[in-house]
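One structure is given here, and the rest of the page talks about it.
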Amino acid sequence: MKSAGRYILPAIILLLIVFPLVFLHSNPYAIQVAGLIGIYLILCLGLNITIGYTGLLDLGFMAFYAIGAYIAAILSINNVSFWIILPVCMLAGGVVRWLLGLPLLKLRGDYLAIVTLAFGEIVRIAANNAVSITNGPKGLPRVGERFSSINFFSIKFTENIHFYYLILFFVFIAIVASRRLENSRLGRALVAIREDEVAAELTGINVAAVKSVAFVLSGIFGALSGAIYAHWIGFISPEMFTFWESVFLVAMIVIGGMGNISGVILGVFLLVGVPEILRDTLGTRFVDYRMLIFGAVMVAVIIFRPQGILPSKRRALELEAHV
Amino acid sequence: MLIQQIINGLTLGSIYALFALGYTMVYGILLMINFAHSEIFMVGAYCGFWFLSMLPFLSAFPGLLIPAMFLAAIIFSGVLAVLMERVAYRPLRRAPRLAPLISAIGVSIFLQNLMMLAVSAQSQPYPESFNITRFQFYGATVNSLQIFIFLLSIVLMVLLEIFIHKTKVGQAIRAVSQNHVVAQLMGIDVNKIIAMVFFIGGGLGGVAGVLNGMYYGSIKYNMGFLPGIKAFTAAVVGGIGNIRGAIAGGFILGLLEAFSAGYISSENKNIIAFAVLILVLMVRPGGLFGEEVTEKI
Amino acid sequence: MSEKILEIKNVSKNFSGLEALSGISFEVGKNEILGLIGPNGAGKSTLFNIITGVYPPSRGSVVYKGRDITGIPGHQAVRAGIARTFQNIRLFSNMSVLENVMVGRHCRTKSELFEAFFRTRGFRKEEDEIKSSACRILQDTGLLKYGNELAKNLAYGSQRRLEIARALAAEPGLLLLDEPTAGMNPRESAELMEMIREVRSKNIAIIIIEHQMDVVMNVSDRIIVLDYGKMISTGTPLEVQKDPAVIEAYLGTE
Amino acid sequence: MKKSLTLIIASLLLFTGCAKEDKTVIKIALVCPLTGDVAAMGQGMKRAVEMAVAEANASGMFPGYTVVLAAFDDRADPKEAVNIANRIISDRRIFGIVGHLNSGCSIPASQVYAKENLAMISPASTNPKLTLQGLKNVFRVCTTDDIQGNIAADFVFNTLRKRSAAIMHDKTAYGQGIAESFKSSFESRGGHVTGFDGIDLGEKDFKALLTAIKSKNPSLIYFGGMYTEGGLISKQSKELGLNVPEFSDDGIFTNEYIKVGGKATEGDFASMVGIPAEQLPKAKAFMDRYHSWYPGVDMQPYDPYTYEAAMIILDAVKKTNLDKSKMVDYIAGVKFSGILGQTGFDKNGDTLNKIVSVYRVINGKFVYQPKK
């Protein structure tokens, strides 16, 4: 299998790169949805580190998406280059996530979920009220202001396709980072914490510190996707960061398969894809029934596969016998 | 002004408390956050609405109308909650912890849209159930509806306390919430008890819905969402799973909201409410009345 | 006896009024096997939890290899060299047998996020070392053939051995075993005792809580008897068996 | 690694079904929230465009063609709005867009429509930024906030001769915008503003805030926002003994407001764009047709604007005889007389129809109050 396997990965990557070129003119919708799925992939792969690997339920992850988006917007209006904004947003996301984590990581499961929910709401309401900074409900950029565009050497990022490749690049990084984290000392420690936090502490894992690393890592991915999306859509307003968005992210991870990269990817496609497909199939006559059906589909899928469609299973390692 | 805010806070608090009881009881027995409980609250409100508008002839004698309306709301919401548990949660009894949460989210989306499509997307005005008389004292105005809401919720809470702590079924509920398996070994039909808990929690949620409809005079298919988050916050502040905690949490949140809206800034009253929640949980991770369960090693 | 690895000085612990331990003092030699016996509720597990940093003592101190480690958190106790097993098995059930032991290596390794992301040479070398040392431990404990099985699918006896294997992975100086032979038949108990003697031969000191008298009397160099939180007797297995206070605690007065 | 990437590829291919093109169809796209919190208004907009499309087909406006409504639900979420916008520009048979409702959705979507120079007329997004992006293809038939706020302040100060007002808004782009413009123009006239407070959309209990407002005894409450919250504020302020009229914007100009607020709304005021329906035969006829099409259903505040936007697009399709590229230029210069009176657009795309009339609730009905 090894020889054939060598060709599949490069073939896939090539296909992902070629994909938008085929549809450049005929179907910009396909590229737009693909790009949005990419954004959700980065978000969910980031959140998966907190929920999937460490088992900490987070119901306010959109707060970090918002922090990334708003910092990117404010900096971009004062025409800071995107390639400086990105690390700044990631740093901000990580720091805020770390501060939130300090007092809260000793909380158990559902209590942490509630505190993250509360934090998510606080950020959304603050974004709506802090008119002087975020221009409140009127969103950014204000009248007469413009986001400075991203330019990468000669290319100026304006079309969907530019952002598609930018997002694809970061999706790839998110997948590689998750894979490498999974197969590392830290990854095993995270899963051990999910399995039995007390046993993990007494097996030598500094549970508080390791949890904090995972928690902060998620925050960085959250802020990163916020910064990219702000530049892509060109306008952000508080109504984009509602509680329901955070809940959808959790649903994507759980339905897809917690702690399993392919599972999370499938979950994102399902929960972003199904409403879009329903939009087409239902057309105008049944447009009102889209969300009704979507709710029913969610219940059906989770009852059919409670552990997620692609649950995570530990990879087999080959065993070295010692002479 | 202070007295007026206390009155506003207590009325708001009683609705939150009744609403929070549903969350706490379901969490106590299944360790599950029932997101769809806010839709049961909404359905309860609609049930009261139908009852009032369908049977105008009854409004001739309010004495009979009001109890009948609340009874209908309790039964309707209670049955809906039992149905919801049977269809969406029972298959997931053995599933990983987060699965029922996702199922609850699906049910919540489904019910909201069902009500929007089946009834109407527009907000419906609540018919006057009985004429409201106003009393003045110390410069604050209290109306008979506010007093009725406060008294009804207190009565229901006392009944629940008695039911849970004094009756055989109540004991069974407490047993099941401690440990399903052992309770079953003691001959308790766990499924029946869980259905009972959903019925009670659902019924109380339905009553809270009717009170909300009567008090604010308008209902809508998505009316459950915002108070739902608040009621859940109240349940957690009080100590999730603890009935007295939910009641206390409800009133605390109601008063907190009234005072922060009145004295600080109404724009940020929700921020203040959520900030208090985070502070409480940092100081007492189990909530105010929740007991610290230390794990046996 | 060579110099002492663990000193317990006048340790007491009370839980809201209940005095679980009062005035416990003893020492453990570098590769001594110390048996800890006593009726249920005598405070044996409480003592274990204090030594392994689950919670601090109300009074008194714990000194390990001359360093005062009273009240340090659990993971630092393990890094210092104190590893343990649990009364009711607490393995990482959905992780493989090999991975359970690899997690045991956690406090002995140091690659962080950066090394993991860029798979530095040091990281890859360390990962291989973790895997190979884990395999060696599994081989020594006879669990290598189950390497890729999920921990929860192992037979009861093997799960007990895996817990010990995981503890050994942290290269401890002192191993605390909490009723390791509970629920084992005599043959399995004997095999486990063999394994414990082997562990001692790698000069790791052992404290073992055990209810099966023949097992603990046979394997221990010295015995401590606890009753209602107090040390009522200490000495070699023979001395302790004849000590009237012990007999009274166990069998009650005629 | 391989499995996860194959998954991405397989699923991406799912979305590439290209739309089959039926030449005999003229599509008018409507994008607004049909589910979610603001669905009531979205449903109203859908009814208005369905009516316009049905009337166009019945009157044989396009012989040989059928006019079809393509309705999309953006759930008031900017992300979905941009998705839909890209979907619309890839459908060759869509000639123009009526929408969106929320400014947060209209602004990003307008940038997508601009790529294909597709005409977009918003009946309800009042954030000034929408038409200040320098996009030629963006128009709106509803006025921006400053006009309504200004006229309301003038009416309160000069006609009602009130000197102090408490201002509230629902913290949306629409409500807060109008409240801010009322505040600045009321204060510039020398009026005293006792407070400027925001409330949360969907909130029901304003008693605590109204108690605080009552203590400053304003002579009027100005509310920027929609009928549900507006009605509750009117009801609860009277219940608290704060018997002052509430003055609000076209967001409450529907008898839903009176239903929610009940008897308490007696004497309240609402500003509404355009000349009063009674003085405009076409508007009166529209109202009657609307109620005959949808008996027993209350008209939402933006239904007339939506109907007008649809009619302008249909008119443009006819006058440019189905040449999409000329639509934008035609609409920019159009002089359309419809149910909102004479509608034309300035260089930014805002409606020139700046007339705002004030109405008062008199025994349960909105009655036009001519400015003295």
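A, B, C and D are the chain letters, set down in written order, and residue numbers restart from 1 in every chain.
The working rule: a residue touches a chain if its C-beta (ideal position, glycine included) is under 8 Å from a C-beta of that chain, and two chains touch if they have at least 3 such contacts.
Computed from a prediction, not measured in an experiment: that's the story for all the values here.
Undergrad: Comparing A-B against B-D, which pair counts more contacting C-beta pairs?
TA: A-B
Undergrad: Would you identify the chain whose Cα-based centre sits farthest away from the centre of chain A?
TA: C
Undergrad: Per-chain C-alpha centres versus the global one: which chain is nearest?
TA: A
Undergrad: Determine the centre-to-centre distance between chain C and chain D, using the mean Cα coordinates as centres, and give it in whole Å.
TA: 72
Undergrad: Rounded to a whole Å, what is the gap between the Cα centroids of chain B and chain D?
TA: Taking the mean C-alpha position of each chain, the two centres sit 35 Å apart.
Undergrad: With centres defined as the mean C-alpha position, give me the chain B-chain C separation in Å.
TA: Once rounded, the distance between the two centres reads 49 Å.
Undergrad: Measuring centre to centre with CA averages, how many angstrom lie between chain A and chain B?
TA: Here the centre of chain B sits 33 Å away from the centre of chain A.
Undergrad: Residues of chain A that touch two or more other chains: which are they?
TA: 125, 129, 176, 198, 202, 288, 291
Undergrad: On chain D, where are the residues touching two or more other chains?
TA: Residues 35-36, 43, 171, 198, 200.
Undergrad: Hunt down the residues of chain B that sit against at least two other chains at once, touch-wise.
TA: Where chain B meets two or more other chains at a single residue, that happens at 113, 116, 267, 270, 297.
Undergrad: State the interface residues of chain A toward chain D in the complex, per the touch definition above.
TA: Per the touch definition, chain A meets chain D at residues 5, 8-9, 12-13, 15-16, 19, 23, 26-34, 36-37, 41, 125, 128-129, 131, 136-139, 142-144, 160, 171, 175-176, 179, 233-237, 239-240, 242, 261-262, 265-266, 269, 273, 276-277, 279-280, 284, 287-288, 290-291.
Undergrad: What residues on chain D touch chain A, complex-wise?
TA: Against chain A, chain D makes touches at 1-9, 11-12, 14-18, 34-36, 43, 68-73, 75-79, 82-84, 86-87, 89-90, 102-104, 107-108, 111, 115, 127-129, 132, 171-173, 176-177, 198, 200.
Undergrad: Residue numbers of chain A touching chain C in their complex, please.
TA: 176-177, 180-181, 183-189, 191-192, 195-196, 198-207, 213, 217, 314, 316-317, 319-322
Undergrad: Tell me, which parts of chain D touch chain B in their complex?
TA: Of all residues in chain D, those touching chain B are 35-37, 39-40, 42-43, 171, 197-200, 202-209, 211-212, 215, 228, 231-232, 235, 239-241, 256, 259-260, 262, 298.
Undergrad: Can you tell me which positions in chain C touch chain A when the two form their complex?
TA: Checking each residue of chain C against chain A gives 52-54, 73-76, 78-79, 83-84, 86, 90-96, 98-99, 102-109, 111-113, 115-117, 119, 123, 126-127, 130-132, 135-136, 138-139, 144, 147-148, 150, 166-167, 170.
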